[in-house]
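Given below, in the form of structure tokens, are the structures.
Two complexes come next, and they have one chain in common, chain A, joined by chain B in the first and chain C in the second.
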Partner chain A sequence: MNTSGRLFSTFLFSPIGIVYLLFLLAPIGFFLSMSLFRYDAFELYVPALTTENFERVLTDGYYQEIIFRTLKIAFLTSLFSLLLGYPLAYFLARSRTQWRGILMFLVIAPLMSGIIVRTYGWIVLLGSDGAVNKTLISIGLIDQPVQILNTETAVLLALVHILMPYMVFPLFSSLASQDPDVERAAGTLGAGRIRTFLEVTLPLSRTGILMGSALVFTLSAGSVVTPALLGGKDVQMLGQQIYDLVLTTLNWPLASAVAFVLVLCQFSIIALYFRGGRHGPA
Partner chain B sequence: MTTQQNSSGSSFHAARRSRITRQIVMGVTVTAIYAFLLTPILIIILSSFNTTSANTFPADGLSLQWYREFLESPSFLAAFQFSAWLGVVAAVGATVIGFLTAYGIIRYVGSYREVAQSIAMLPIMVPHILISISLLILLTVLPIPELAGLIIGHIIICLPFTVAGILASLDGVDPQLERAAWTLGASRLRILWEVVIPLVAPGLFSSLIFAFIISFGDVYIALFLSGPGMTTLPIEIFSYMQWESTPVIAAITTVQIIMIFGLGLIIERLVGLRQIMRI
Partner chain C sequence: MKIRKTDPTRRTFLRGSAALGAAALATPMLSGRAAAQASELRILFPGGTWQEYFQQAIIDPFVADRGTEIVWKTGLGFEPLLIAQRRRPQWDLAHQNQNTSSQLGAMEAIEEWTEENIPNLAQIHPSFRYPHLAGKVHTPYGIAVNVSEVPNGASAWTDLWDPAFKGKVGFPAWNWMGQEVFHAINELNGGAPDNVDPGIERLKALFAENDAIIVDNVEHAMQLMSAGEVWIMPHFGARTMQIRDAGTDVEFILPEEGGLSFIWNTSVVANRPDASRELAFDLVNHSLSVEAQTTFSKLTNYPPTNIELMNNLPPELKHLEMTPDEVESLGNIQRNFDYMAMFAYRDEIKTRWDREVLGG
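Take a look at the complex of A and B:
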């Protein structure tokens, strides 16, 4: 029975094992190691060790600017997602309204409609003929349509909108799993509402905050389609550079070095978040 | 005595008033956040009935011309059909593999469950463009057809969600039932087929739908792996939008939104969306 059990568990795990090893880990390892290969116009890459790709990415002012912008946009996206997502998650976790199911659905449904759909919605909203400009003109705040499309603001708005649900779910589960008696106890001991929130609820939801922020940061740092459609030529992010290098310039070693830098940024931010999570109080 | 009563009464009223104020502030905040979440989607639906070709809002009149244009456009229709086909194939693949994995995690890894679960979640933590480019480069090295690469890519991005969703369903299955079947002489495969699968059928069905939704909405995998004759709808829309932007996109995405919302409601009915969204 033990041998047959082992055989059976091999049967259960081999499909995912093959898929992840052969089509996820091995190709990613191969692609990232290409960053050490030399670029060749005819053969695409020559397996001769060199650090020239990394030197170019890290010293070229063009790439430095894009790395900085990517980190900035990713940071602001996770910050604003947190500011908007927290009240929403708090409301969903604490409210006893009969509409809660539908309200949850309305957070999840936009997420399922895909990135292209929501990016397109922002193009319609933010265009010079779009609803935002028309509204601002009709209430007299401006007399000429302002340029919102093709700016960092447009990219940031859309990314917050697209990625905020990823912040709400971890926050919701950490808020919903809190024992309501703890808050009540703080109240009984004389803490006001605000103090209870700052000293009890907020620290207890730290895991959710960290998980959500890390997830949103990673996803926004890797975005390609949203900045390409809403940011125009001036708001380039790392993802677009990789896309161009792989499909247009066909410089795969350099693309690999850029991707390596992107992954490094993402993982160091995740590590930072979780270090902060472990060393803080509570 | 009376003063005491009065003061306690007024503090009761003050507490009540502050509770009402708090509820109003919370209500306004939450409503504003929902408006932010849903406005872009409502705007798309409204502008799909526009009469002019610019993305103007509010609409100048009502018409169905953009829906007609969608139905008369061979490239958009082909992309829609291809995406639907790919979504079904990827959903079946990801659900079958996800079910085997989830069952293995629940019954065969014991205390390593957390570790196994986080390994299964790997594709969420890796940027999707990285998965996609790496597969593209793999295709240049190994003799694998491009279509297979696209299908495998979609299976990979769906797997974390199918595994998590099916795990949640399997948690509700009493292992005693399987033990009883085992005692009665059923083989492991037969137990899986005749005992476990019927018990988690709603979970499997919603995992199929959810994987279909993920595959249908994906841009990043298809960005590098779709080619001539195998363009997905999001990629078709993306390449169209880089040159022009007419309400025909609004019509197509409205169809997509209605389809996705409908499928989402089916999942909600079957197992609850919250269960399948738990990562």
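Take a look at the complex of A and C:
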């Protein structure tokens, strides 16, 4: 790229660069510095440097368990969203039916109601007297209601439902932009439908998979409302800890340390993921 | 054509200087007058129906009378903001209860309430007056019980530990009302903010042995009680009635050990300009009046705190009438609370709650 091209690129990137600087890097820098301050019950924080907040988060079994659970739930949410979202996105991308628009609308529709409303909906469905238990009893799979609410399963179900559109749209975009002749060419060269999918379609939709997974992973790792309402006391996640530390106990230095660890985990996993994805087949 | 002389002479210079001096003198006077006529109140307030009721019963009549402009910031947990801004606050009023107002008051982040600043304070029942806040209504807090599932009802806080309710007991989340209920149970079991062992042991048993469920807020309580997931839980009186009105057979009980009573109002933020402070006190004074409390009680179904109104409830509010003994019993436990100690030890206590009660 010549000098004028570089200048033009810089010009194009500068607005978004400034936005990232002001609203992403500056806040992260702010809470990194806050996480190194000492907590004080009355002053909230004292600007005396300490590593005790990070020591507490990283060495305490209580926080280690929460970090592990958060990452596990985020990973499983991404995995199930991908497994359920891929066929849907594939169908939407390949379908020429007049229903395609309506189906697309149905994918977006959940985003039109608030996350709290959708989470309360799950309470009604998953309760001991809810539709799920009633159905399982009526088809004879269980004799009496099983506890689904206040478990990791409930949180996982709701997060997959809530975050599904964030998986489907990058996948749809990636699948819809594929040249259909590539699949036809594979067919004329003797590849069956499964082989064509596994060796052509799937690798070509890698960008959508990476983007969708990154979005769902990040959003689920930072979720607060859904685990609070559906997970009960046994499904504490990092987002809830940060919320409580900031607003209830007012321990901002520790909240900042927890937040920094969360962001670091998210960045690291996504970076590894994208790095792994880049080395896949072209 | 007459040419206007523009070159400065000694007379024009002196005249100009005098005018500038007068303007300079007038500027602080003008800004002082503008401040004395503060026309804007900046309020930190929770949203939802509570804000609608507040707006309808208290703000709208006040604004109609004074022409004040109201700037809202809605949300929960404004204490960090008030503490962080306590030397240069940007907000005039903040919605608080007796717990948070006592803590903020001790940190000099909010103003003390006196009858000099707030004449209507003299009309408020002593049970609902605290140094930095007085309730515009009070919110009796006891036990909500599903009488279809628990036909014998409940009568005491200790009923929450009844093994018959295993898996069907709710307990408020710490950041909702859990902190206050925990301290009440700790106090009833001989504890204090600097000794929460009794409370931790009791609540640990409630969660470990009776499989208590965390309830996050009013709507969550409504959902869980309506869905039959929770049969018994600490709750607000009027909110229990809302669950009943929605079709679940629930009753509200004031426990025999004494109920809790939360008072809510907007505390007046300290270190604001005098005019804003006066206007804020004016609004608070209005919130304690018979007229404002009558409307607010009708909307919320919470009992008033104004003695004149308490003694002369209109027919549509007669169901909110409480005997002097009931009023007395409501504040029994909380009157012993050391709010500053609760504040000072909050991190240690919450840490123990998370690990020993929820994680236990």
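To be clear about the criterion, the second predicted complex is superposed on the first by the 254 of 282 C-alpha atoms of A that agree within 3 Å, B and C clash if a C-alpha of one lies under 4 Å from a C-alpha of the other, contacts with A are read in each partner's own complex, and residues count from 1 in each chain.
In the analysis below, contacts are C-beta pairs under 8 Å (C-beta built on N, C-alpha and C of every residue); 3 or more make two chains touch, one makes a residue touch a chain.
All of these numbers come straight from a predicted model, not from anything done at the bench.
Shared-chain residue A:Leu149: touches chain C; no touch with chain B. Once the two complexes are laid over each other on the shared chain, residue contacts for A:Ser173 go to chain B alone; chain C is not touched.
Once the two complexes are laid over each other on the shared chain, residue contacts for A:Ala41 go to chain C alone; chain B is not touched. By the document's definition of touching, of the two partners only chain C reaches A:Tyr62; chain B does not. Looking at the shared chain after the overlay, A:Val246 reaches both chain B and chain C. In the overlay built on the shared chain, the residue A:Leu229 is in contact with chain B and with chain C.
In the superposition on chain A, contact of A:Asp129 is made with both chain B and chain C. When chain B and chain C are set side by side, the one touching more residues of chain A is B. The interface of chain A with chain B overlaps its interface with chain C at residues 116, 120, 123-124, 127, 129-130, 228-229, 243, 246-247, 252.
Here chain A touches chain B in the complex through residues 4-5, 8-9, 11-13, 15-16, 19-20, 23-24, 26-28, 30-31, 34, 84, 87-88, 91, 101, 103-110, 112-118, 120-125, 127, 129-131, 134, 161, 164-165, 169-170, 173, 193, 215, 218-219, 221-222, 224-225, 228-229, 239, 242-243, 246-247, 252, 255, 259, 262-263, 266, going by the rule given at the top. For chain B in complex with chain A, the residues that touch the partner chain are 22, 26, 29-30, 33-34, 36-41, 43-44, 47, 54-58, 96-98, 100-101, 103-104, 108-109, 119-120, 122-131, 133-138, 141, 152-153, 155-156, 159, 163, 188-189, 213-214, 216-220, 223-224, 234, 237-238, 241-242, 245, 249-250, 253, 256-257, 260-261, 263-265, 268, 273-274, 277-279. Within the complex formed with chain A, the residues of chain C that make contact are 76-77, 79-80, 83-84, 107, 167, 173-175, 179, 207, 212-214, 216, 219-220, 223-224, 227-229, 343-347, 350-351, 354-355, 358-359.
Looking at the complex, you find that chain A touches chain C at residues 39, 41-42, 44, 62, 116, 120, 123-124, 127-130, 147, 149-150, 228-229, 232-234, 236, 243-244, 246-252, 254.
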